[in-house]
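Paired with chain B in one complex and with chain C in the other, chain A is shared by the two complexes that follow.
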Partner chain A sequence: MLDVYLQTLLSGLAVGGVYALIALGFSITFTTTKTLNFAQGEFISFGAFIGVTMLLLLSGLASTTTAVPSEAASAWRYPAAVIGAGAVAGFMGILIFLLAVKPFAGKGGMNWVMSTLGFGVMLQSLGLAIWGPAPVMVPSPLGDNVLRIAGAGVRPQELLVLACAILIMVALDLVMRRSRIGKAMMAVAHSPQTASLMGINVNLVMIGAFALSSGLAGVAGVLIAPIASASLFMGMGFALKAFSGAIIGGLNNPRGCIYGGFILGVLESGIGLWQAQWREIVVFGLIILVLAFRPAGLFGQAAVDKV
Partner chain B sequence: MLTLKDVHLAYGPIAAVRSASIDVKAGEVVAIVGGNGAGKSTLLKGIAGLMPVGSGQIVFEGEDISRLAPHKRVARGIALSPEGRQVFPDQSVYDNLTLGAYFRKLPNDALDAEVEEQFKLFPRLRERRDQLAVTLSGGEQQMLAIARALMGKPRLLLLDEPSLGLAPKIIQEIFDIIVSLRRSGITILLVEQMANMALAIADRAYVLETGSVTLSGTGQQLLHDPKVRAAYLGVSHSAA
Partner chain C sequence: MTPQSKALNAALLCSALAFSSAAYAQEIKIGFNGDLSASPSAQSGQAGVLGIQAAIDDINAAGGVLGRKLTLVVRDDLSQPPKSIQNMSDLIDNEKVVAVLGPTNSGNALAWKHIPNQKKNPSIGCIGSATDITKPMSASADNYMYRVSMVDRAQVAGLIAYAKSNPKTKNVGFLVETTGYGQGGLKDLQELAEAKGLKPIATEKFGVNDTDMTSQLNKLKAAGVDTVLVWAQGTPIGQLVRSMEKINYFPVTLTSWSSDNASFYDTAGKNLAEKPVFMRTITEDRTPKQQQLYDRLAPKMTSKSAFSFAAHCYDALMITAAAIKQAGGTEGAKMREALENLQAPVEGIMKTYTKPFSATEHEALTASDYRWTVWKDGRLVSYTDDVVKALKPSDFTQ
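So, the complex of A and B:
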């Protein structure tokens, strides 16, 4: 029985790692610009398909198919696809900031909600025109042979996802806390006006925040594709869960969002073990419960009005 | 060094500063005094670039900077120690100071040397070096805000209400530091509600009333002006 729990925990952590990456992305734009990219789900799907396209092109295959052959993901091609998808999604993040967020940010009102949602719908239609509606099976670069860890069966991709997610988040955490650019980002997060008095180009930091946040979504898409298979409709569900994770953890606390993502992944997987059909009901019920008692999230700081 | 020509500043439809013309010469301490809501802080925000200039011109060292983004004005040599201090609460005293020099892209050892200079000027900050700014007292936060502005090596330092909410003893300390800064050659534009103290150290001063400059003169002239004494100094301070 213990092996089943371990298996559930590991796959929960793997999916949770993906939620955490995306949740961190939400937190990055929220803290620096007080806005969220509601097209994040489409960035995940787009990332997955850019990854698929790169895998196929790099191995000299046709650019559309319903299943990527496993040799196409081998060796250096998968890491290249992850980085490529992150870069393309990051670039699209700059576009969405300049076109759909900047004109409305900091002016009050919720126009950016509609404009980022709309950007997402446009992206999805564009994706359907390029890749079509059919999901694409994506092989794991580590193969599909189930590994046995203390009796628990684990797919190698799950371990890869978990390792990549942790690596990326630890690296980002170090950059945010130790480097000058990280401290400048923290300054912008606290007060864009005061940050500009330090000679910080606030606009550039905000562009960087959107690029980083969207890049994380793109990377998450390629990481999860071998587990969930790539589909232009996959992103929405992941983005919603990741957003819930961010809310549970506290949107204004990047570390809290990471914890929130992991908590949600493990919870979901644990409840799925018990009653799969109750999974969503219990998960979102818990989110509402958490918010009722801790409106700023488990790890968030309640906003204190300054005198 | 700094000339404001007929500057208008507004919050949406509400005018905060009307047709203000102000002159600051290199090496001077110039004070702007006036009551609550007179537009003093708005004026400094306009100079720092935090408020868009509606009409008029801000000329710094011969160049029109009216449309320049705030971070570019800092790079030109204008630093603002803002009203209410606005230190970064979740960062250490040391990190707050280094942020003040962010745009200068100094190597680490040069940065440390400049932080050390600020610690000489504000010894209390040295004791608090690794504490989060939020844990400092009001006076210490004010010192940090001024030191952080100085880290940008400004030629013009804008000080917005440095006495706000502080005990008299601390206010005296802050003003002593302002006087010593002037001796080191920094030009200072000081906005204060404590008119008596500001006028006492100012070479020249302007009185701002509901967004307009109504009086100007040397610090001593305004200090002894009957209208100023009645409006801003109160009878008990008139002995000065």
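So, the complex of A and C:
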């Protein structure tokens, strides 16, 4: 029975790592600009296909219509594709900020909700025109053999996602808390006007936040692709779950978002042991409970409005 | 404008109209309405259109029907029911097509099946497999919905028959996805299992986008299930066999025909893809006629496994043409009568159809036309074992 619980925990952490990575992206834009990029899901899908294209270009191998040959992901090519997808998605993030968020940011109203959603639809249509609707299986650079840990099975790529999520989380945490850029971002998050008076280029910080958040989505896309297979429809589901994780953990706390993502993954997998069809009801029921009793999330600090 | 020039203009306009409607009447328009671009199943729609166009080319090369050429009017429904409904009215009312083939997604056919029935315009499905598509709107009503494709309930009957006849099967479990497709399959599974006296000891569900089903499988394993009947789309079945490997649990796995998708094969990987057994209408052990059409369409086909839809749709068009010929025209009610009582056999890709439809039977392909199939070395091949050999047509009754 122990191996069943271990399997549940491992499977949950593997999925949770994906949620955590994307949840972090939501948190970064929210803390700096008080807006969210609702096209995050499309950025994940788009990033995955940028990765697919790069793997094929770098290896010079032809793809069948539905799968990338496994040699294409070997050696340095996969990391290069991850970085490339992150860079392209980051650039698209600058675009979405300038075109769809900046004109409306700080003006009250919810125009940016519609404009970022719309940007996502445009991105998806563009992707469909370039790559078509079929899902494409992406090979893992670490191979596909199941690893056994005390009777529980896990794929190398799932461990890779987990490791990357933790690594990126720790690195960002350090940057946010120790470096001048991180302090500038926290200052902008606290009060853009004050930050501006202190000589911080608020606009640049906001652009940076969107580039970083979208870049993370692109990276997540390439990392998930060998697990879920790259598809222009894959991002939406992950983004919704990641957003839920961010709400549970606390949108204004990057660390909390990560914990929220992991909690959600393990919770889902645990509910599967009981009654899988109740999963969504339990997950979203929990979100309502969290919002009702701890509006800032389980790990968020309640904002104190000083009059 | 002088009165004369006005009259002249009117005369010119009249003759132009008369001319264009004469040219119009010479061609018989057939419609296709289905997803060609928006969902993973779009590849099936694209293959279907290739098949219809090939059949139209063949008929036109042989002089057309009733001395008139056939043309195809294609509408993409982006897999959205509202768009599909709108396409249906557009094709029938504006384009004046005499019959509509498609759609790609079963749900869309269910959303508009009242339209062909109200407008008395036959619809011949050649892709979607939901059982209810060809059911009449009410018990005694004229029914304009026909199909040349797989039918979910007939597949379910096959899977149940296999599980029931397999001497090694002691405990059966059902595993379905939580979409409409999975739930429809579960309903058929439960009804037919009960009718055949087969009792599942566990039923589990998973999401269509899930990447890990180990929790559900661990429950089945703990319950001692040795045969699972799976109803889901290609990608999640691929994830399912991958999860089976994680916990090293491989029960006999009988699945819906979605395991024939390239997306299943790519997700599962070469070795795990060989686990499930399922039914489909064509394997890669093709008949000469099938091979001929395959060679003709292969360069244009985006997915090899979608070829079955090209073949179904080719045959659907051939049967439609035969009905127009027998009816001596394109009036809907007469075409329906002809479809339900075709005198001459129709040479198709799947088989030769002798009276494919009747007033009560609207399925041209039935369980005896299906093949047991598995993946072997990246090819879809016919599957047989002692259980399959012992199955009789009477075991497939629904």
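One rule holds in what follows: the second predicted complex is superposed on the first by the 304 of 307 C-alpha atoms of A that agree within 3 Å, B and C clash if a C-alpha of one lies under 4 Å from a C-alpha of the other, contacts with A are read in each partner's own complex, and residues count from 1 in each chain.
To be clear about the criterion, a residue touches a chain if its C-beta (ideal position, glycine included) is under 8 Å from a C-beta of that chain, and two chains touch if they have at least 3 such contacts.
Treat the numbers as computed from the prediction; the structure is a model and nothing was measured.
After superposition onto chain A, partners chain B and chain C are found to sit side by side with no clash. In the overlay built on the shared chain, the residue A:G109 is in contact with neither chain B nor chain C. Contact with neither chain B nor chain C is seen for A:G60 once the two complexes are overlaid on the shared chain.
By the document's definition of touching, of the two partners only chain B reaches A:R180; chain C does not. Legend: residue contacts after superposition of the two complexes on their common chain; A:N201 is shown touching chain B, with no touch to chain C.
Touch counts on chain A: comparing chain C and chain B, the chain ahead is C.
When the two complexes are overlaid on their common chain A, residue A:H190 makes contact with chain B while staying clear of chain C. Here the smallest spacing between CA atoms of chain B and those of chain C, following superposition, is 40 Å. Looking at the complex, you find that chain A touches chain B at residues 180, 183-184, 186-187, 190-191, 193-203, 306. If you check the complex, the residues on chain C that touch chain A are 37-40, 42-43, 178, 204-207, 209, 211-216, 218-219, 222, 235, 238, 242, 245-248, 262-263, 265-267, 269, 302-303. Taken in their complex, chain A has these residues touching chain C: 4, 7-8, 11, 14-15, 65-67, 128, 132-137, 144, 146, 152-155, 227-229, 231, 233-234, 237-238, 269-273, 276-277, 279-280. Touching chain A in their complex are the following residues of chain B: 48-50, 69-71, 74-75, 79-80, 82, 84, 86, 88-91, 95, 98-100, 102-104, 148-149, 152.
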